[in-house]
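Structure in structure tokens, see below.
Chain lettering (A, B, C, D and E) follows the sequence in which the chains are written, and residue indices restart at 1 in each chain.
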């Protein structure tokens, strides 16, 4: 099957791994990721103000491109996912906003949030199925204790993201189980890492991030997985005792496609 | 409330889509906020102060730039008030003023380190500048 | 123009008579004029072969006849066009006949023609009309035969057909169609957009032509009361009283309200009106309002559905809001 | 309230026994004025009002018809006024569609405690109907005269 | 043609001050049907009533109109007057010329004109009135109470005390309900079991009370005074009349790992069990989902040890059919699920518990024998955080919490905090609250004692997150008054979960045709004046099924409901309101429109045989109104497309006659 895939700015630069492994795993699982032509950066964060139009246009363009191809739109970066899903929700529910955006874009056919937006994790759970992922595993990670770090962007606002229970999520844990490892549940997996505050107040980011990594390690995790480049940066930068990797890398390892290039 | 404040209040309510009178003052937003300690005014105060028109202190407060829109307050508020959206609307009211950008392009190079993802820079720009 | 032929229906009817499934057939037979197809009950094969017809003039909706027919011995065969099937279901919802005593054969319908349009196109003095492929060959007193494209003379109700899907049948001849995205509310919208005075003038012009012949009521598949209120001296709206009576003046509003929420929009009322009053525009207004106020509802789409007027939600809109909403002029 | 000889519209008010009729009584108890053109007909519940009654009133010369019932959710019979609300929404919308002035019809929820609201509603409604003048249109929709 | 008398009342100057009563009685004299018209100073006085009585006799009146005050005032009076003189009560109509005429107008001419029109309308109506006779129906002198908690127990006891037989249907194996699970009760702190169990014993010993435990109501038909009810007595695989309750089986059963519902799953019970020591009936029950014998036929230990021979593995569900005159719903409440509130880590940590679980933890008969311990490690907690309003007052999303205040949490939390500090003074207790609501006798004093005498820390603010770290629960909360964010390392967190109606209430309400609000609480007939009755006649409400309630309130309401039931059962016959709907079978189409709008389920359909003009017969489905159930709203009359349905006393023709009279 084919889906529209929005990689996002960071996946082209600092988070190439997140992107590369996502593509390889998708291929292995029978999903082709098609990039829309000329996609633009989503802007990193969703501006909740209802009168902000310009900052949301790139998301709408990507959504529209997927609609034209009658495909789902899949993202892997948490930030892109959050921005695009929230924008799509606004297009569905805020008629005034949608009217103005459509006016601005001036396309023949107005867009009203018809495209289905999925995170790569949702693609694995709802489209591919974790059972199928499990069957595709060649290097079982049995015995490995892995903590999922969701951060804020994947889950919240939960009435829009609708990915999982925002207080007790299980989607990454289920993936970890599917690839044979043991998930470690710890309380700060859905708390903020500090995000872009790292830029001007690194101390604040440090306080937040180290709370997360300490808690994960304290609950016995050997490894933290995340879907967000900025989360990864913050957790690593602020002295995590345990490694932090993208979930796609872990999946690639399990599916035996991690070292493909070197063969 | 004078007319100017009243208009500002209405504008903030309009662009945020948040109705502050729904707040029942339980303080769960502030209980949940990860940036609480860095803030001078806390989420519940944003809600109360916008409601009562006491907006000027908020516009001038550094607290505006401490909220990371992590939506924890939005998700946990029992009344559906969505404080983060209100904070954002107040922040926009501040940075949309001429020359009031909290983050300027010239400041960036000094803040960078080589591992920092772009995402951080674009996000910060979006939140702090106009 | 019809995709199923009369022959096919006759054969089906013969088969069902023959194998004892039914003992009579409700169908169309030719009336006095070529375009005048009237409902008839056929009890034997001979009759069927000689008189049964199905062509572009068979607009009559048989559902209502089933009330009387099912009270007789044995099973009756009925042919249901898509719009008839909605009426069929609606009558079942209202427990008006015994489903066990009917064998329903769903048939596709390509739309029926409007004889007044044919007359307009072909002129007066029609002697005979033959339905051929997509056209009608009209023989008149005065002219040479005229060929008219069926599409040109399609009845209004068929131009804005709501559904080509048979929603009730025991057996289907041909392929079932779909519920259509119809333009049936366009006319209503046009009226809503007029000013109050224009609307009044429109209706005054239309309704003043009424001769109170009761044809609309008699044909209506929703008007199946054991005793119609207009015939009931105890109702306060009995007719045949003095000429300025209440019923005389309010007949159409009362009738439209009586069938509101139950009318399937089959369009029979307007078809039979000798004065060509667009009565369906009253019913459609109710349907449109119901859809807009309380969510889409199609009477007869399924058996047992709860009609909007015997239903409610606690946050329904207020009558004042309803009037505003239903009044495009003020929007 | 009225000056003699002035055009006085005739208003028929259907009031439910449990809330609105009691509300009208309370208006009287408190000596609140409203026009004498308003004539009240008691019904057990607003849902007893058949659209035919409304049309009958208009045809017989009423200039305005108002239905009063318990507030939604407070119906003595639990759900009667919900049916009223739907019926009248459709009826009034239809009358408007036929070109009848929409100010001539109204549904108002008046509780037994709302004597003041009852009087105010009647004053307001009468004024609105008076502004339209005599009801000609519904006396004979078919205008056969 | 009627012979109508018109009686115009002056009401002193109340009417006569603004209405020319003489002119009114003169004007009405000429109306069709009127044979007598007069006026008098006070029609409601004895002298006035005598005028009416005499006129009825003298002029052989068949109907009468009194032009007077509101019918809400004196309609009943004049109806009795008429009846006393031999005129059917329902041939009386009132023209309200006081509240709706003389009191709202100031001008004599205007008032007089309007009074005449109102009189004419009433006369037009009376012309079409028909004598009505209220129907009578017998009353089955037995009550059914659904739910065996404190509400149901109290209601049943009160009804039984009055001498009427009562049946209690309880879904659990024992009566007692939530109160049986409580430790102490506020504000007096007496032990719940000490005051409840004697009542349970009373129930068991009362000759007028039958208990159907482990049973449920499956069907309700009929109407006030005459309900037909089916009760399913689920198989408990123990012969109730044989079992002595010795409990030996519950000790010997090898299946030991069944979560114990009574202790909210905090310990285990056997597959055969008696919920608690004072259970009523004290009879064992086999859990078919846990019993090996029932699942795969391998065991049979309980049957072997039972000296009484009470075990019966072949027992079947039994359906009991009984008639009742009145039904009381007492289905109670439950705490809501905490699944949607995982910011408090209820599913992550055993040491985050609900208040009801806390009750069990402090109860001497509970899983820890009354010793307050952490469920995770059995250690004594030194810091306890109570969180109020978890899921109450929650408007954000319906699937998460409840919009209403659960009412009881403020008080029981004060109780828990106080008892904890009393028994374990070394324990720090924090209560996070939004508001403390203590309206009740001695309630606020109780809460203040918790603060002032027992040193409970009350903090205004909510808890945002509970994070289990190591053996501590890191509680992050706000202290709104200090404008601080607090971080407390707690040992135990107790959540005051919102309460909701029991899940069985909704299907029950459907069976009873009793209305419910959007939260699934039963609706009362009037929120102020008829708080213990459902709008459906013969259905009464007891306890928390009507709204959140504490024990004193529940018991008051339970007794009130009992009083209402007794009032009903005391009657031999019920006199109905004759102003009910009736269907003209000849005109009825049988379309079901009326049935669908009837709020009382008063309309059923019957197949009726009609003789046709040609002497054949035809069977047709027609509507039939049960006059004992119909309350006379008239919704059906408008829903009926054929006009077959009409309402006595407010017939279409009558109302149209009034319209005509007014509009003339």
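Definition applied: a contact is a pair of C-beta atoms (placed from the backbone, for glycine too) under 8 Å apart; a residue touches a chain by one contact, two chains touch by 3 or more.
Remember, it's a predicted structure, so these values are computed and weren't measured experimentally.
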Chain labels contacting chain C and also chain E
D
What shortest step count links chain A and chain C in the network of chain contacts?
2
For the interfaces C-D and B-E, which has the higher count of C-beta pairs in contact?
C-D
Identity of the chain that, by mean CA position, is farthest from chain D:
A
Would you mind checking which chain's C-alpha centre is most distant from the centre of chain C?
B
Specify the chain with the shortest distance from its C-alpha centroid to the centroid of every protein C-alpha atom present.
E
Chain B and chain C: spacing of chain centres that average the CA atoms, whole Å:
61
What whole-Å value do you get for the distance between chain B and chain E if each is reduced to the mean of its CA atoms?
47
Chain centre separation in whole Å, for chain E relative to chain A (CA means)
50
Between the Cα centroids of chain D and chain E the separation in whole angstrom comes to 34
Spell out, as numbers or ranges, the residues of chain E touching 2 or more other chains.
343, 397, 465, 597, 639, 652, 656
In chain D, the residues touching two or more other chains are 51-52, 56, 60, 79, 83, 87
Give the residues of chain C that touch two or more other chains, as numbers and ranges in rising order.
236, 309-311, 314
Following the definition at the start, I'd like every touching pair of chains, please.
A-B, A-E, B-E, C-D, C-E, D-E
For the complex, which residues does chain E have touching chain D?
70-72, 96, 98-101, 103-106, 110-111, 113-114, 117-118, 121, 515, 523, 535, 579, 597, 599, 631-635, 637-639, 647, 650, 652, 655-656, 658-660, 662-664
As the complex stands, chain B meets chain E at residues 22, 24-33, 36-37, 42, 44-45, 72, 76-80
Chain D partner contacts - residues on chain C that touch it in the complex:
188, 191-192, 196-204, 207-208, 210, 236-237, 244, 246, 248-250, 252-254, 256-257, 260, 282, 285-286, 289-290, 293-294, 308-314, 316-323, 325-327
What does chain D use to touch chain E in their complex?
2, 10, 12, 21-22, 24-25, 27-29, 31-34, 36, 39-45, 47-53, 56-57, 60-62, 76-80, 83, 87, 119
How about chain E: which of its residues touch chain B in the complex?
343, 389, 393-397, 401, 434, 460-465, 476-478, 480, 483, 485
